[in-house]
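Okay, got some structures for you below.
In what follows, chain A forms one complex with chain B and a second complex with chain C.
Up next is the complex of A and B:
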């Protein structure tokens, strides 16, 4: 029983991690070694891919910075709107809340790629092209349904006596949120923030169409550009190095916050 | 200081959870609301606190109509069933939060929190979080928070239900002393009749959102106005004899006496309780419980009698007292 479970876990780990490990491996190989059998005096291992990516013009850290900027503003903006919205969903009459949640669920499941032409049109008319901060508007809007749903289940799980005690103590609505409720849903907020950041970090079609200036590209678009930079060859090594570099910050975030993420995501599920 | 509820009703959907409730609690008085779960006792407390609004009726605190006043301005000291301590704050922060939002100077906050911590013997726990405290300590923090409100009335919602039986008994005298020391009216909600009798001057027995009877523990025990109160108050439960011409006769287990010529019974079960013992008997008028002294031996032929003035008579259809 335990052996079969171990087997399953190993298989799952291989299934999900193998492509990543392959990518890391590729990033340290010279392009020649990837395409041809090695001759004697050639070495397989090289840091050339990383050097190439980091010293390109503009340098790669520029894209990391761009993505981080968009990610942080989208996450901040999303939480700023989603937290009060989620709280109000717990306070409105039950049938209203159910309707609103169904609507949000529908919006969360809607394939957003279908919207991107309309969004592009909007960006053109409102002059939002080539503006990093403007990117956080669609990102915030697209993350909103999921964020509100996650946070409202966190608010719902708080014992109502806590808020009533705060009312008796004389805390007004904003004071209750600031001193009691928001600190108590911190795990859910952390996991929601990571999910929103992740979406913004990975988003491709909107970033591709809204941003054209090379200095302002976000990571996915920049990485895609490396892959398509030459007509005659595909720079597998450099491409792999860029993806590894792009994944590192997220990996760190998840490692730091993994406990909050797991407890936040399972919170609603257990107490139902 | 006083609390008056005047014809209070509250409805959720079509169900009346509190109905035409009249109640008066005087200065220095502790009134217990007693009843089975779902009888409306906690709902009544929430109405007094202002956490819910009544559909009808008015609430007066110290003669002032507070029916539409917010919870904070009613100045109530409330202890919740779960204690509702803020888990992310230390004991001292829990106590200071209310003072801080009431714009009391930092120095005063410190002084008042320190003095209430001393009163409650919680100085050593000041910097601990609620999760690190024992049940009894949590209760004291919850009570300390209520004391700091400088309240006009105290409302306690099952304040003992999270404690084990021994601790409950140990804490009663101290809790009673603290809530009564400044003379505010106290409303004490509980489902435990022993606790109600131990804590309260008067008890309101509730059923179906209404008060069935209000009175001192002695009145409720000796003069119950309905079958419900008679069976709810007193353990072991009162004996109900089958109805005869529309009248149910009830008799307390300790009022049944052994005799040589009376109602003949068979022994079903016997529990020795130390100074007394409980016998479960089967008779021609149904099962009976009787309390006898601890040293009574079981006679071969059990015959029971009782004094007519110990009988409680109730109308079988309305359940109301008729003697």
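Up next is the complex of A and C:
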């Protein structure tokens, strides 16, 4: 029993990690040795790929910075708008809230890639193209349904006596939110923030169509551009180095916030 | 008064979800392309007529549906196994859970390019292994019959953790007493799985199915980067076709028509699979 479990765990780890480890391996291989990846080769190991990626123009960390910037502004904006909305969703009549939730669930399920063309037109008309901060506008809107759903289920779980007591003490709506309710839903807020950040960090079709200037590309688009450069002569060594560098921040994020991510997704599943 | 707090969120959602849908409906009954100088001219349903006779659209629909059904079924099965494993108590579970999540957290485009290297002919590891075992070259990414399977692998690898977490949440809502009672009545683990776990997990399986079906049907990032829709359009998805219509052929009117068409197909497929599940549930009740 224990032994078969160990076997399954090993299989699971292998399945999750093997493709990534292959990228790590490739990233340290010299270009000539990539022609014979599984057989012996002299002068296989090199840091050249990393040097190449980090000294390219623009250097690779630029994309990480861009993605981080978009991720942070989108996450901040989403929370700023979603928290009050989630709170008021608990206060409206029950049938209204149920209708709103169904609507939000539908929006959260919607394959948003189908929206890209109209959003591109919007960006052209409002002059939002090639502007990193402007990207957080569609990202905030696209994250809104899930964020409101997650946060309102957190507000609903708070005992209503708590807010009642605060009201009796003479605290206004803003004070109640600021000093009583928002601190209490901090775990749900953290989960929501991580999910929104991950979405903005990874989003591809909108970033692809809104941003064309090389300095402003976000990580997913920058990496896809390498793929688009040529079908037959992709610099796989350098590319693998880029993958590894691009995956590292997320690896740290997942390890640090594993608990929040799990509870965010599972809470959403139970109550959404 | 409090309802006013809903306003910014509602406005944002209406702006980003609502306006595009209205705009697409309007665009889909207009000719708006390079030919018309990017000016919209009403064309009395010509876009829709073209859509119905567009072999590429229907081929892409079939391919997208095939991709979605095969990957989502595999994901549900694998995710169920993973969730059952992660639901048990054992040392190091937290670390394994974090590692399992990693594929889901990475940008799709990053590993899409990674897969392209892994399936590369002749230098990728799969082909190199084939050489070691003296198999003929597989040409995974250039054989129109099997390339779509490679995209399925990429999708399953990335999104199974997400489904597994939803199912894990479901498993954790099942009280232990139920299993104890079941074993007291003389049930064995296999029966417990089919009589207790699966029925109580059903809502979560449905949620995962619906969520993933919608996402897989709109697959774009993975296909665009991994195969570009090729070889010979054999992996082209509906979203990619809509994208190509707008960005390569600069035919915005038709692109919008393709998008509404895809959306309607998706709604139809979701309703259809829901009905099938509902029906089989009835049938099972009849046979009991």
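Basically, the second predicted complex is superposed on the first by the 241 of 272 C-alpha atoms of A that agree within 3 Å, B and C clash if a C-alpha of one lies under 4 Å from a C-alpha of the other, contacts with A are read in each partner's own complex, and residues count from 1 in each chain.
Simple rule for what comes next: a contact is a pair of C-beta atoms (placed from the backbone, for glycine too) under 8 Å apart; a residue touches a chain by one contact, two chains touch by 3 or more.
Small disclaimer: the values here were computed from a predicted structure and weren't measured.
**Student:** Quick check for you: in the superposed arrangement, does A:164 touch first (chain B), second (chain C), both or neither?
**Tutor:** Touch partner of A:164: chain B, not chain C.
**Student:** Let me test your reading of the model: by the given contact rule, A:204 touches which partner, first (chain B), second (chain C), both or neither?
**Tutor:** second
**Student:** Is A:184 contacted by the first partner chain B, the second partner chain C, both or neither?
**Tutor:** Only chain B is touched by A:184; chain C is not.
**Student:** Of the partners chain B and chain C, which touch A:117 in the superposed model: first, second, both, neither?
**Tutor:** second
**Student:** Under the stated touch criterion, name the partner, chain B or chain C, that contacts more residues in chain A.
**Tutor:** Looking at chain A, the partner in contact with more of its residues is C.
**Student:** Just checking: does A:91 make contact with chain B only, chain C only, both, or neither of them? Give me first, second, both or neither.
**Tutor:** second
**Student:** Counting only touches as set out at the top, which of chain B and chain C does A:61 meet: first, second, both, neither?
**Tutor:** After superposing on A, A:61 lies clear of both chain B and chain C.
**Student:** With the two structures laid over each other on chain A, which partner does A:175 touch: chain B (first), chain C (second), both, or neither?
**Tutor:** Once the two structures are laid over each other on A, A:175 reaches chain B alone.
**Student:** Between chain B and chain C, which residues of chain A are contacted by each of them?
**Tutor:** none
**Student:** Where on chain A does chain B make contact in their complex?
**Tutor:** Listed in rising order, the residues are 159, 161-162, 164-172, 175, 179-180, 183-184.
**Student:** Considering the complex alone, what residue numbers of chain B touch chain A?
**Tutor:** 49, 51, 70-72, 76, 78, 80-82, 84-88, 97-98, 101-102, 145, 149
**Student:** Give the list of chain A residues in touch with chain C in this complex.
**Tutor:** So the residues of chain A touching chain C come out as 5, 8-9, 12-13, 15-17, 19-20, 22-23, 26, 34-39, 81-82, 84-85, 87-89, 91-92, 100, 104, 107, 109-122, 138, 140-142, 144-145, 148, 173, 198, 201-202, 204-205, 209, 219-221, 223-224, 226-227, 231, 234, 236, 239-240, 243, 246-247, 250-251, 253-255, 258, 261-262, 265-267, 269-270.
**Student:** Where on chain C is chain A touching in the complex?
**Tutor:** Interface residues on the chain C side: 2-6, 8-10, 12-13, 15-17, 19-21, 23-24, 81-82, 85, 88, 90, 94, 96-103, 105-118, 120, 123-125, 128-129, 132, 157, 161-162, 165-166, 168-170, 172-173, 204, 207, 210-211, 214-215, 217-218, 220-221, 224-225, 228, 239, 242-243, 246-247, 252, 255-256, 259, 262-263, 266.
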